[in-house]
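So, here's a batch of structures to check.
Both complexes below contain chain A, partnered by chain B and then by chain C.
Presenting the complex of A and B:
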């Protein structure tokens, strides 16, 4: 897998690229949060591209030979033409392309924009939001003529995509962000593969996570769930021992992949669903709809409707991290 | 060409599918728009079945089960009854008319009710028109056209 070319009697180091597309930077912090492991990463790999931390240019990557990067860890969703262009470029230059974090895997938080159109977003951000002052009604333009030529900005897309929807992806590391202990496990596995010739896992494998659900990792006491009323976390003092869903707090645990160690739920915060859909689940929101449907404590159609109406922002909650990979992809109409 | 709705129906084995059979053997006239899928119980209909149908070309989804109290597995249809409003609400927020998803109870003897429900639902979806999902597949050519480098 790694380049076998010899340089001055030494085996060349495997090359590593890290990139951020539409992301918040949390994935980069998570890499640094691996503490001493990051030194091991820097020692084992030749980091040839990492815009967040090191000064490389896109042209440096363009100049590389195809398949010369051993591993690319790509975080962030595909939100504009620049994200897409660099995704294509890194795919072309990399042997292994890994979607790193919720945004690259499933769309993540940026993909919540799929509940709106591009026009609605621009209208709100540049004109309607209470904090906007824009008397000349300026809108961003993607091309501008100056004396020296044309200046260009990337084109924002109407629909946010996951990395896997625009280029071929080999592996997925979910999480918002992937937990540092899980990153360390993946790094150890990669080193084992490159150093000791261990076989690669099958293409499409989800790395640094579990096949079970967040509920399986949660230490809270679980009993028969019967929900009479949904409450938001700030409206109640939650029992520290009992399942949050049983207390009427909307917790995404049943529809979320395990792997984080149940950090949120064990700290009293409901699961937000960042590890994405569990193994063999196509659509996280549908799975949550199924789970919630099983536990409403009424058989009266009218009461069911009233109870369902109290779930705030259902699509935004159920697809908080997985809108791009949802079965419907975006709001229609 | 006039629009013919494509409908997917999930029919419970014990009541509604048998009711549909009875409608057939009774020679009741039923619109051919419904593609019936037999499931063991309406409680087996996961919301993802409904979303999958809508995302793969169905214009409407009909779920038919035993009347409340009559479930072969005692409470499967109650689960369905609780899931459907959540699914409809989710579908609505995703910009699809919730009338495209419908739950009805049809027993094994209610052949004429089956006929009525399917006919009515077909006409409802006909008046709503075809469901065309926007930007479902990634348009590589359009995305490539935006790249202005080199």
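Presenting the complex of A and C:
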């Protein structure tokens, strides 16, 4: 698919687009966090669209020829009609479409909203939350009449989706955010492909990550596990040598793709699972829940229930970054 | 120490220089009377019965106590010369005149020709030999005893004549006392310490039971003086083969094997939880196992059936189904109680004049020759009552003439409620699975049924094998059974194990779980998951490994692997997802 158009782009500078949809902006910071590499990126590519950093209009993109953008790094989940529209537009204009970061690849933190309906969320945010003052009971509108004409706002969807669920995605760069060293590696690989005509990796490849799991990058000593009680990191002083899971601190490391370098776990914070499911796993949260079920240190159904009850926010723990791509996708009804 | 030559009663012997004379004389087989001598304690020469006549190196003639006279080159000894005998007679007579006529002194007097001491018998029972003091000091190490006062007022006592805190109640002083001056008594004044029905050994060193394997004595550190005070060590000094080492520890040995036969047996239901029977509260309510022990000729009553006070029971009730066939405890039948209950009745009839009552729900005399045995018991005049014994109480004053206890039951054949007066109650307690059977099962990959017994592979087609290849079951650990059935199952298990071993190789199912070494992150979440202990951890590669010979392809680890590195070869995740999608489409 992309190879012929990509080599055509060699004539001029290859064109790079970066976009943020439903995202916190951390992915953008991560790109800047590559330090001197960002100058190399700016030098090698012609950055033609980056709303966070440079002034471009959507119409500039609309005016481009199809497939004229060599590479788009798209971060953020698809939360509203605007996200969707730009995702479609960039897909149409780009040779390579890359889901950049957890939200674009798996739904990320925004997708935890799928545990509620749109109505519940609006009700809480605009009426019920303790900090809300809304005496006129205003709700966001998609169209508003003013003297000058009609103002339009994008429409919020009921379900948060990953980028792959709305457009065709070529590659995935996971992480919340993708680690700067991994971004540098991916950039180097792209440069290598474009400059030296190296073959592209097969479509769907996860870039900037490893085949194993976070445990592989964790320096702690791992033993047979028997969990007696779940605790949160602030409730104990964790042994710095021993696997966090063995100490009852729920760590998503075993069910999370390697790539981050084990930064959290080696600093004493349990893995939250941002690098997504490992290669052979379809549903990260279910896999972890299934694994935890096997190492509870009791056979008594009542004790199991009590022990499981000590896991705080089960969906938020197991599916913190992967709700959209999980088998659950969202709460029904 | 050098060996020197001495002459004893004209006979030349070799002995160790500096060692005492008495052991050398005794070794020759010459009998010397002693009262205060104990081989393992320091000689004290208090009783002066061991006197002998000697001529030393300088030919000086004198009478000395043999127990503490050191041997030297050229010593000549006469053990029964007229001078020696006269000295012994005088010494004994003086002891006699101090003491009451005690058997040990009378016996000794008979041998020396003294019936009555010239100065008449005294009243004391202690001869002040100090053996108890030395034993308590040197051997036991408790140092609870000592002498008090001087001269004629001297006596053996504890510190300040009070209760000795340092006494460890070992009883060594009482057992060593030559005159039985020291007696053991229970603090609450009971005379008989009735331990006939305890199953374990009650001495500190003993062979646990006659058929024990290995059939060697063992030390019970709870009773052994050495383990309590660090003293004694008499047994190691006595042992001619130098077999006793106090520093030996229990050790775990790892043995590599190809097949395993589990024959872990059962435990007896603890009848104390069944309050109405009063076990542990009411005397002479005992379990079948305790009765069996009492019956054993090697048991502590020497096979005599007796009550706690040593008397023969006038009547005995045997209560069947205690905890078995009981919804509150074990719903199953323990299978062996009916027949051993009948055997007990037969033994009681054979050994005593007692009346026997069998209280049963159903009599299950199902085996070969069993029904015939039942008929024989009936003809022996055993009272067989159909009705479960429900309560045992102490008989009131009016009923105690017939028996100390009353057993209450409903006689379902006669349709009446009975209160049977008996002296002894035997509870046929349920056979139950060991309390740690679950752990054992887990260790060997054998599952446990709801009743606690190990589950065989198939109740009819695989009665001795288990879900884990190479692990077989024999005996009651698989379910209650009697001796013939146990022997048969044991033979079958051994044969099955042999047939595997002789072939030397096993055929395996192609279905199993495999771990992708490239993807396994070594989190070890799966290690304890496998019911068949097929997963181990390769410390070097830092990955988990499935032993394909043990894997039963159950898929637990496949589902449990958080990184998706374990694949069930027969059912891969994509296959299962495809099936689900197929069904849902």
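The rule is short, and it goes like this: the second predicted complex is superposed on the first by the 322 of 333 C-alpha atoms of A that agree within 3 Å, B and C clash if a C-alpha of one lies under 4 Å from a C-alpha of the other, contacts with A are read in each partner's own complex, and residues count from 1 in each chain.
Everything that follows uses one rule, which is that a contact is a pair of C-beta atoms (placed from the backbone, for glycine too) under 8 Å apart; a residue touches a chain by one contact, two chains touch by 3 or more.
Fair warning: this is a prediction, and the values are worked out from it, not measured in the lab.
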So, after the overlay on chain A, do chain B and chain C clash or fit? They clash
Which partner does A:282 contact after superposing on A: first (chain B), second (chain C), both, neither? both
Between chain B and chain C, the one with more contact residues on chain A is chain B
Original post:
Given the touch rule stated above, what does A:293 touch, chain B (first), chain C (second), both, or neither?
Top reply: both
Exercise. Does the superposition put A:266 against chain B (first), chain C (second), both, or neither?
Worked result: neither
- [ ] Classify the contacts of A:332 with the two partner chains as first (chain B alone), second (chain C alone), both, or neither.
- [x] first
Discussion item. For A:123, using the defined touch cut-off, is the partner it touches chain B, chain C, both, or neither? Pick first, second, both or neither.
Written reply: neither
Request  = Look at A:304 in the shared chain and tell me whether it touches chain B only, chain C only, both, or neither; answer first, second, both or neither.
outcome  = first
Residue overlap on chain A between the chain B interface and the chain C interface 281-282, 287, 290, 293-294
As the complex stands, chain C meets chain A at residues 516, 518-529, 537, 556, 559-565, 567, 573, 577
In the complex, chain A touches chain B at residues 81, 84-85, 115, 152, 155, 157-159, 161, 165-166, 281-283, 285-287, 289-290, 292-294, 296, 298-299, 301, 304-305, 308-309, 311, 313-315, 318, 326-333
Listed in rising order, chain B residues that touch chain A in their complex are 46-48, 50-52, 54-55, 68, 78-87, 89-90, 93-96, 131, 133-136, 138, 140, 143, 146-149
The chain A residues in contact with chain C across the complex are 211-216, 222-226, 243, 245, 253-255, 258, 277-282, 287-288, 290-291, 293-295
